[in-house]
Every structure is written in structure tokens, then in C-alpha cells.
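Chain naming follows the written order as A, B, C and D, and within any one chain the residues start at number 1.
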């Protein structure tokens, strides 16, 4: 296991490797994310994008390498501990609690009463309700608080999940394909939302839609076969011949 | 903003009604209409309701299907029985034994000294604590070992089932220490008070109902707290909950322990009302039957679980007394029918067909009060085709 | 021991009464109802405690498992009890009253037994209950019979260590069954070393305890192994290897239920053939009932020690076997417990008639000394301790599933549920 | 404890003990193979598995009576027919059960457990009503009884050898079917991605039915073999269910090789422990060890580490 070095970056990934029965899904990967940056990861299917997010948030344990968040080694922490240091994660398929209302979905994500007995004693105070209503406003769901999450549209579920991250107040949000399945207008709203978020928080986004990527990204990382193919501003990456070869096509 | 009245948060009007009706049935209707023998029978069925209520939390809400609830029911029952057996085995009562003063089955197995783990059961206080704590500790150990390693679903069911099988073989095999397959029988008095009299039957029945309501209210509290919503959330989206910063294993362990403690109380109530405890409650078959009580009542309804335990047992007795051969057919069909057709059990039938009418009636009766819709709160159901 | 050789004579009821003395076994089995000879006593006189007795009927209970794992074993007992009741009714009933029975299912579950017995005694107010099979079910109902003063006729051979005023034990207790068997095999086969094997519960363990003491202290032999297996266990190859290693003169087996089938088949398959000279097995748990499942060819040559075999050659038994087959089919077999269950209603009838009352207290008082000369097993008499004086016999299992009786004790064995020196 | 015996005796005993372990191994394999297919490949928890085995046993019983009354000359060979009949009877019932209830429950694995438990109650009572509560004795042809004298001291039971051969044949059959046949490929395709399999033209409903029927059919064969060593009664099936599930889970669901390995390790440890400490404690200890290992390694002995 390599030890990461101290950096000014919010997130520093160094030498990250994971293998599934010999297949290296992520191979000696290093990249760094600044505070308040929107980093977009792109790449062909099977490039290891989702796996990278899984590794950072602790869902998959790495074989080698280091992940440091605010100079704190988080590689061996458990998922809920990683959440507590300030990393939030949205999944590829919107995963909201379909049996619960939008309000309850957000309430569960509210970062208080996370222990068993804490949650037993948790009260729906004015502060909690206000916070939930504020977040609901930001994710365009103010009118849907009473609706069971199951009944939301696909795009609304994506927003709800983003909202569930926001209410945790993480410093780093990791979003796996946040606009998949959204209409054009929803995409625009989402782009607005993400830009708004980026004023205070850092984001790693996985996305395929190059137009959307160009709209939001500060920096783009292109993954291919578990390794970095290219990195830089959207324009730079777009014109990179290697990227065009393996991903964007001619 | 709507004011959040905590009492209303805790019990909605419908829920308050169902608790009241249950109380009416158990405290007034049944005691008035049944003779003491039948009431005693009902009391014993209610001891299974403790398990079923615990299962609503574990299985219905937490998605943890335990096929080993008999372990905890048995532990509670045995803890109670051990105390009563020691009281029944006073040296005067056991003069004909080779070693007077120890339980008869120990004497038959040529044990001459009370085993160390029996000693503390001379104390009623210890026994009462053990009834709750012993199952909780065992459940905690199983829960931590399994849930921390993310064993769940089917695997958890099979492993708990195996543990129940192990415990049964152990109890039966170590008969010198446990009474073996006979169980601990011939219990007579509690602090000198005859436990088989009609008065005792009444007292234990009401005690049983009282404790059941205590458990129901605790369960209701858990269900209505954020813990309850986290449990529902966990059922479908375990990862999401984890990435909202919760340690899922702790929550699962918690409900499992609560379910175990309830079961332990149920077991003890059985021992008191029946006058003996038998390993036949510990094994795989009774454990699965307990799940059935819960499923029939509706795996998400606390009150439903009580009715489930009552109705299945009453049906079993009536059928068993009249057409014993048909009973297994009927029971089998009930299982299949409930699972295929009514995944929400009787409670589901009620909430689909009757609840709206009852609500309407209440509105008319109470007139002015606008229906107190549970704000922002969902009504959980088990959907066909949802992973449970 | 004074015993009647006059088997055809019928019931001898304590000499004071002479109600049914002339009824022969043949008549007993006929289907034409016969009126009792004496005048019918008034209900108020014969029933002072509110039992279910009318001017024409008396109600009793039958409580066995007809579902669940024990149904296999208890089926025969139910059949025998019903047969006995029907025969008694055909003879005119008890004290001029026809017996009606309420049958309850214990469902192989001890708490259910307790529940049903409470119902029979408190709700149905039955005059007597014929039932239970396993010790566990008897232990479960015992406090209930004692509290509500019922009378239970319990048919199974069992471990002893019990003597309840509310139970008549119509099967043998352990010493009756075991001691004579061990004595015989030790003499006949010059057996010195024994291997004890049983299912893991109280009866086999107690039986083996008694057997071990008898072998070590009275027969001068030794026990070279003692093993127990969970109920329902089906792989015995390891213990069979141990038996091979220890080379005992006799294997003493009290394996029960489904395990029996596995045990004997695997013994046979392993080449430990009981029909040959070099391997001897004495069982106290295999009756004709069990052989149905085991298969005669697998257990041929084993010895069983109990009080009754279907092949017993006497008039009573011939009539009994014939009646049983007529009632329950030509293929029915009768084991030791089935016969003991058959005795229950007859013993109760005799005691009731001796007492002149259905009252449980009076029946209990009249019971000791009640004798039955028409018992299929021969002559039995109720001891002061509520068990039966009976003979013990050794049967050799035959290929056709029957036993050949090779030995019978000269005298009746005294029941001794609390055997001094064997505890 | 061995001091009283000669080396030769000890060697013989150990050889026979090893063989006893192998017989138990074969028994476990037969029990678990069908379940491994149903549970491992389909995720269905079939609590009525034991009852399907008993169905095979009853079919064997019926076949034996049929042969002894109508074709006594062929009695020696009836067992082979019985195995085939048992397979088809159990498979047919399996297909019926799949069609009438299992197919509605694929998304609710825990509910399959409850429904099949109900089914097992019904089957038990049906057996009891049809065949009576008593156990039925299946007459085994003479050539299958007795033992084969390997050396002076070592004897091996012939029916044990037969069961082992049957277990071997069944394992080879299943593995070939699953990994070498086109049908097996379809089954595995459906397991991995139901929708995709459907999209490429696999009739997944039919595959499910056949898979379930195959698992039940093998249970029937197991039941047929068990008539030689165990008992055949209405509730005999219940005895096997806990062991069977443990074998499958311990091996790692979805891995047939794992099932074989787990059957081997559980049977050997049980057989060895039994020799030293008697049946009850051996059973407790074996189950306990398995449960402990499962707590530390919930995925079982063999399982593929896969990307989620």
C-alpha cells in the first residue's frame, strides 16, 4: 500500500488500483480535485468510471493506492464514516426510498440522529423542516413534499437524490450520470443547480453527454481501461486525438 | 407551517382506533365471552403475538427474515421455567430423589449437584432480567456477527434456522442440564402462589395482555421514529442509506435485538400460562410458524400481527379438534394464499377495503375535525414484485 | 405368582363382583350387542363429580398424534383403543352405558397434548383418557391430569421414575423390559461385553443407565460403548465402525422412529448380519410396527425384549389379532404398544365395574388388584404402583416381519418404577 | 483409546471410516445438488425440497411393489426403473409447482420460502393420506444388500457404493448439462441477465420452469436412493432440509463445485467427529463450525468476486 502525500487538494487519489479476479478495473490511477471545482469524468463503457466513485466512497475496497480527503486517508474507512467526513454519493440509477415521501427521503438524509438511539430520539423540529423545505426549493420539488418518491418522474428522482446529498452538506459530491433520462429543460435546470452548488461545494460528475459536460465542467478526466487517457479543460480534452480515437469518435 | 403535535405523530387516528379495538377485544370481549380454560388458551396464543410483533419490526420493516425466533422465545421461556422449576424442586418436594433439592430430571440423569448456570435462577429478579436480556445478548451476538459482514436476506434466514436446529439438538442432547426433549415440566408455584388456579390463569392472562401492549407501544414508537423510516428505507435501498451516513448493521442489530427481547417475554408468558416449557418451540418448524403468524396478520402491521397469531392459532385448534387431518392442508393453503394473493396479510385487506369507510365514518362522527392526514408520512405496503 | 390359567373365562373382577364372568373371548368379539346382566345403576349414583355420563352413555377421550412425526407410532394405539371400545360397547358397555369417545390430535407436539388434555378434562369432562405415546407428551399432560383429577391410561413402554395417582401405565416400565432381556441374552449367548446405542432422549438414556448398572453389577459384564444420536438421524456408518472395532458380544439398541430404518439397513449393509451367529443385537424399541418400515430382511435375527408379540400363541391373542385385522385391514400389524393400548379401555371397564362408579377417585381406589385374564398378552394385573404385572418375552425377528417368541419369563415381572440400586 | 487395537485393525477401521465419510458425502451431494440448482441458479428457496425427495422415495416404493407383483423376474433391476420414474415424477410436480406459484415470486425470494413451506405441509399431509402415517418399507433387491469384502477386515457396503456411483453420475450429469449444453448456457444466461437473455430470444419462463423441474427431479432421484439407507414416511423429508441448505450455502450459492466441496468437508468432519464423540455432539459441532465459518465468510467456500 502506497502512502499518499500531503497536498492542498480537497481530494487526492494516488496509485489507486483494484482488481477483480485478476482483471484490473482501475489501474494505478492518480488525480487531484481542487475545492469548489466541478470535475467531470468521461470515458467509454467499462473504463472504470463508476468503479472510481465506488472506491472513493468505500463501496469497493481498493487493492492498492491511497485516497486522501482533506489530507485524511479514507481508503480503509467504512462507507458511513466516509460520509461523515464529508463525501456524498449519488448512484447511476436514481436510488431514492420509493416507499417514503419526498419529505421523508430528505429527512433521512438530514445529518442528525445517525446513530440508532440518535434516530430514535430524533425530532422533526422547526429547523429540520425549514432545512428540508429550503433544499426542496433548490431541487425544484417544493410542491412534491407529500408525494411518495415512487411516483416522481425519472428526472425528479435524480433531483431528489441530489437534494438528499445536499442536505448532508458534504464538501465533495459525487454524481453518477445526474442528467441521464432527463428532458432538455430538465437538463438545463440541472446544470443551473450544479453550478449553484459549485459555489460552495466540490463535485465529481460522471457524464456522457458532451454538451452538458462542456456546460458544467471546470476540468475533464478521460478514463480508458482503468487509466487516465487525458485530463484538462473541456476544450483541450475534446480536441485530444487519443480521446477522439477511443471515445468521442471521428 | 403545520404544528407538529407529537401525540398525533405517534398514533394516527386510524392507529389509535385499531389499538383501542384490540384493547377492547383482549381486555373485555374475550374475558367476558370465554371460560377460563379457553381464555388461558388465548393467553398462550398471545404469547406468540409477542414474537409476531417483533417480526413486524425485523421482517416487515427491517427486511430481516429470521427463521430462528424460536431461539429467543425458547430462551425467555426456559429462563422463566428454570426459576419455577427450582422453586418446585425444594428439598421437601423432592425427598424421594437420590439428591433432593435439584430438579427431578437432573436426578434421573445422575447429576448430584446443581449446575452453575442454574444457580442464579433461584432469584426471581435475575430470572425476569434474564428473560429479556438473555435473548437480547444472543441476538446481539448473532446480529453483530452477521450484519457487520453484510449477511442478509436468504442467508440470514438459513443461518438463523441452522442456529435454531443446533440449539434444539443441544437442549435435547444435554437432558441432564435442560430436561431434554421433555422440556422443563411440572412447574407449580410462583413465590408460593399456585400458578394453575383459575385466579392465576386470569392474572397471567391480563399480565400477558398488559405486556403485549407495552411491547406494541414500544414497537409503535420505533416505527414512528426516524428509525422506523430508516428501516423502510433500508429495505429497498440499503446502499443509499449507507451513503446517507448510517451504519446499517447497527440498525439491523437493533431491531433484531428488540424482536428477540419481545420473543423472550412471549416465551416467559407461555411458561407461566402453560406450566411447562418444551424444546419443541425452539426448533425450525415453530420458528417458521411464527413467521406465518406475522405474514397472515400483515407483515407491516403491529396490530395485525396480534390478530395473525390469534387467528392462526384459533384456526389450528378448531380445525385440529374437528378435522385434524385437514389441518395441514388448510395451513399450507393459507400460507400459499397469503404469500401469493395477500402479501400485506389481513391488515392489507383492512386498509384497502375497510379503512376508507371507517375513516369516512369517523369524519361523520367527529364532524368538525378535518381528517388529520399524516403530513409528509407514507403508508408502507409490500408491493407485489418488490424484493423483500 | 398366582395367575389364572383359565384364559377362556373372561373377566374376573375382584371377586366381589360377578358382572361379566361368563363372557368368553369369542362372545366378546361378536358384533351382536349384549345387554349387561346386572340392572343399570342410576346415573346419580355412578357419577357424583360431573363427568360426561348420561343414562345411556359415558364419554372418554382418546389423545394421540394423528398428524406430525409421531403419527407413525401412535396410529396403532388409536386403532387398538377404538377396537377395544367398540368391543366393550358390543358387550353392553360399562355399567350399562355405551362408551362414546372424543378423539383429539396431539399433533406430535407436547404443548398441544397439554392443551387438548385440558380441553378433554375441563370442557368435555371425560371419564377417562386413553392416550399419549412419548414420555414428553405424558410429562406435558401429567400436571393437568393431577390438577383436574383425570385418569390417563398410558400404553407405551417407558423409562419409569414416575408413579402418578392419575395414570395407569399399561406398558412396561424400564426394569421390567430390560432386566429379563439382559439376563436371558447373557445366559443364552454367554454375552460379556455390550455396546449401548440409542436415540438421544430420556427413555433410551434411562434405559441404558439401568442396563449399564445391571450389566456391570449383576451380570459381571462390561459396557464397551454408549452412543446417542439425534432423533431422526440417518447416518450410522461411523458408529457401526466403532461397533466393529469394539467387537461387543451384544449390541443393545434403543433407537427409535425413522432412525431405526437407517440403523438396521446400514448394519445389514455393513455386513453385520444378525441372522448369522457372530453378531447379536437386543433391542427394546423395535416392534412389528417398526419392522414395517425397516423391512424384515434387514432385521432378521435380532432379538427384542418386550411383553407382547403379535405371534404369541394363545386363544386371547388369536381372537384379538383376528378382530384387529377384521376392523383395520388384513395388512395391519400389532406391536407391543398397540396391545398395551388395547388393554386400556378393558382395564378401565374392569376398574369402573369393580368400583361401581365412574368417579375417578373410586376408579383409582379400585384399580390396584384389577386383573384381566383376557389380555392378548395373557394375564395382567394392576399393581399398587399403577403399573402392570406382566411377563417379559424375547422375540427373534423373522424375515416376514413377525417375531418368534424364544423365551418367556416364568413369572409375572413386578413393576418397579423406582428401582433401588438402578438410579 | 486406540491402545487396545493392533495396527492392522486400526488401519482397517480408518479405511472403513473414510468410506463411511464418503457415503455420507454422496448422500449430501444427492440432497444438495437439486437445491443448488434451484437456489443457486434461480434464487428460490425451496423449503419443500425434502418433500420432493420423499416423493421419489414413494415412487420407488410403488415401483418395487409393481415389479414384485407383475414382474417378479425383473425385480433385481427394478431400482433402475424406479430412479427414472422418481426423476420424472418429481420433475413433473416441480414444473407444476413452478407454474402455479413460484413464477409469481421470483422477485421475492423470502416469500418463496414461505410459500414452499406451505407446499411442504400440503405434500406431507397428502403423503399421509395416500400412503398412511406409517413408514413404508422398500424392499431392496438382494444384489444391493450386503457388503463387499475388500480385505480380511475391510468390508464396504454395496448400497453405499451404489449411492456413491449415483451421486457421481448425477453430478457429472448436472455439470455437463449446465456447462456443456446449450440449455445450460441458456440457464446461466437467464441467471445473469434475465432481460438480456429474453432479448436474444431465450424463453426465460420456459428456462425457469425446466430449471426448477430439473432441481426437483434430482431431489426425486436422491429420495429414490435414500430408500436404501433411510426411512420413507410422510415427514421424513423434514429431516434433511436444514442440512441441505447448509451444504448449499456453505458451498457458495451458484457454484456447483462449491456444493461438492462443501458436501465433502461437512460430511468428512461429521463422520470423523461422530467416530470420536457420538452422534448428537458431532452434529452440533459440525453445524456450529459451518455456521461460524459462514459468519466470517458469508459468501461460502466458493464464490466469484464480481464487480457490482
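One rule holds in what follows: a residue touches a chain if its C-beta (ideal position, glycine included) is under 8 Å from a C-beta of that chain, and two chains touch if they have at least 3 such contacts.
Here the structure is a predicted model, which is why all the values come from computation and not from measurement.
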Higher-contact pair (C-beta pairs counted), C-D versus A-B: C-D
Farthest chain relative to chain C (centres taken as mean CA coordinates): A
Whole-Å separation of chain centres (CA-atom averages), chain C against chain D: 37
Between chain A and chain C, centroid-to-centroid distance (C-alpha), Å: 76
Chain centre separation in whole Å, for chain B relative to chain A (CA means): 43
Centre distance in Å when chain B and chain C are each reduced to the mean of their C-alpha atoms: 39
Contacts with two or more other chains, residues of chain D listed in rising order: 125, 128, 238, 280, 283
Where chain B touches two or more other chains, by residue: 169, 172-173, 325, 328
Shared-contact residues (touching 2 or more other chains) in chain A: 59
Footprint of chain D on chain B - complex, ascending: 59, 65, 67, 145-146, 149-151, 153-155, 157-159, 161-163, 165-166, 169-170, 172-173, 284-285, 288, 291-292, 295, 325, 328-329, 331-336, 338-340, 343, 384-388
Residues of chain C that touch chain D when the two form their complex: 66-69, 71-72, 75, 200, 227-230, 232-235, 237-242, 244-245, 257-262, 265-266, 268-271, 273, 289, 291-298
Chain C-touching residues of chain D, taken from the complex the two chains share: 5, 9, 13, 16-17, 19-20, 23-24, 27, 125, 128, 132-140, 145-147, 149, 155, 157-160, 226, 228-236, 238-239, 270-271, 274-275, 278-280, 282-283
Complex contact set, residues of chain B against chain C: 35, 37, 40-41, 44, 96, 98, 104-105, 107-110, 169, 172-173, 175, 180-183, 185-188, 196, 270, 274-276, 278, 280-281, 317, 320-321, 324-325, 327-328
Contact set on chain C toward chain B in their complex: 66-67, 104-105, 107, 109-112, 114-116, 118-119, 122-123, 134-136, 139-140, 142-144, 147, 159, 161, 200-202, 205-206, 209, 228, 230-231, 418, 423
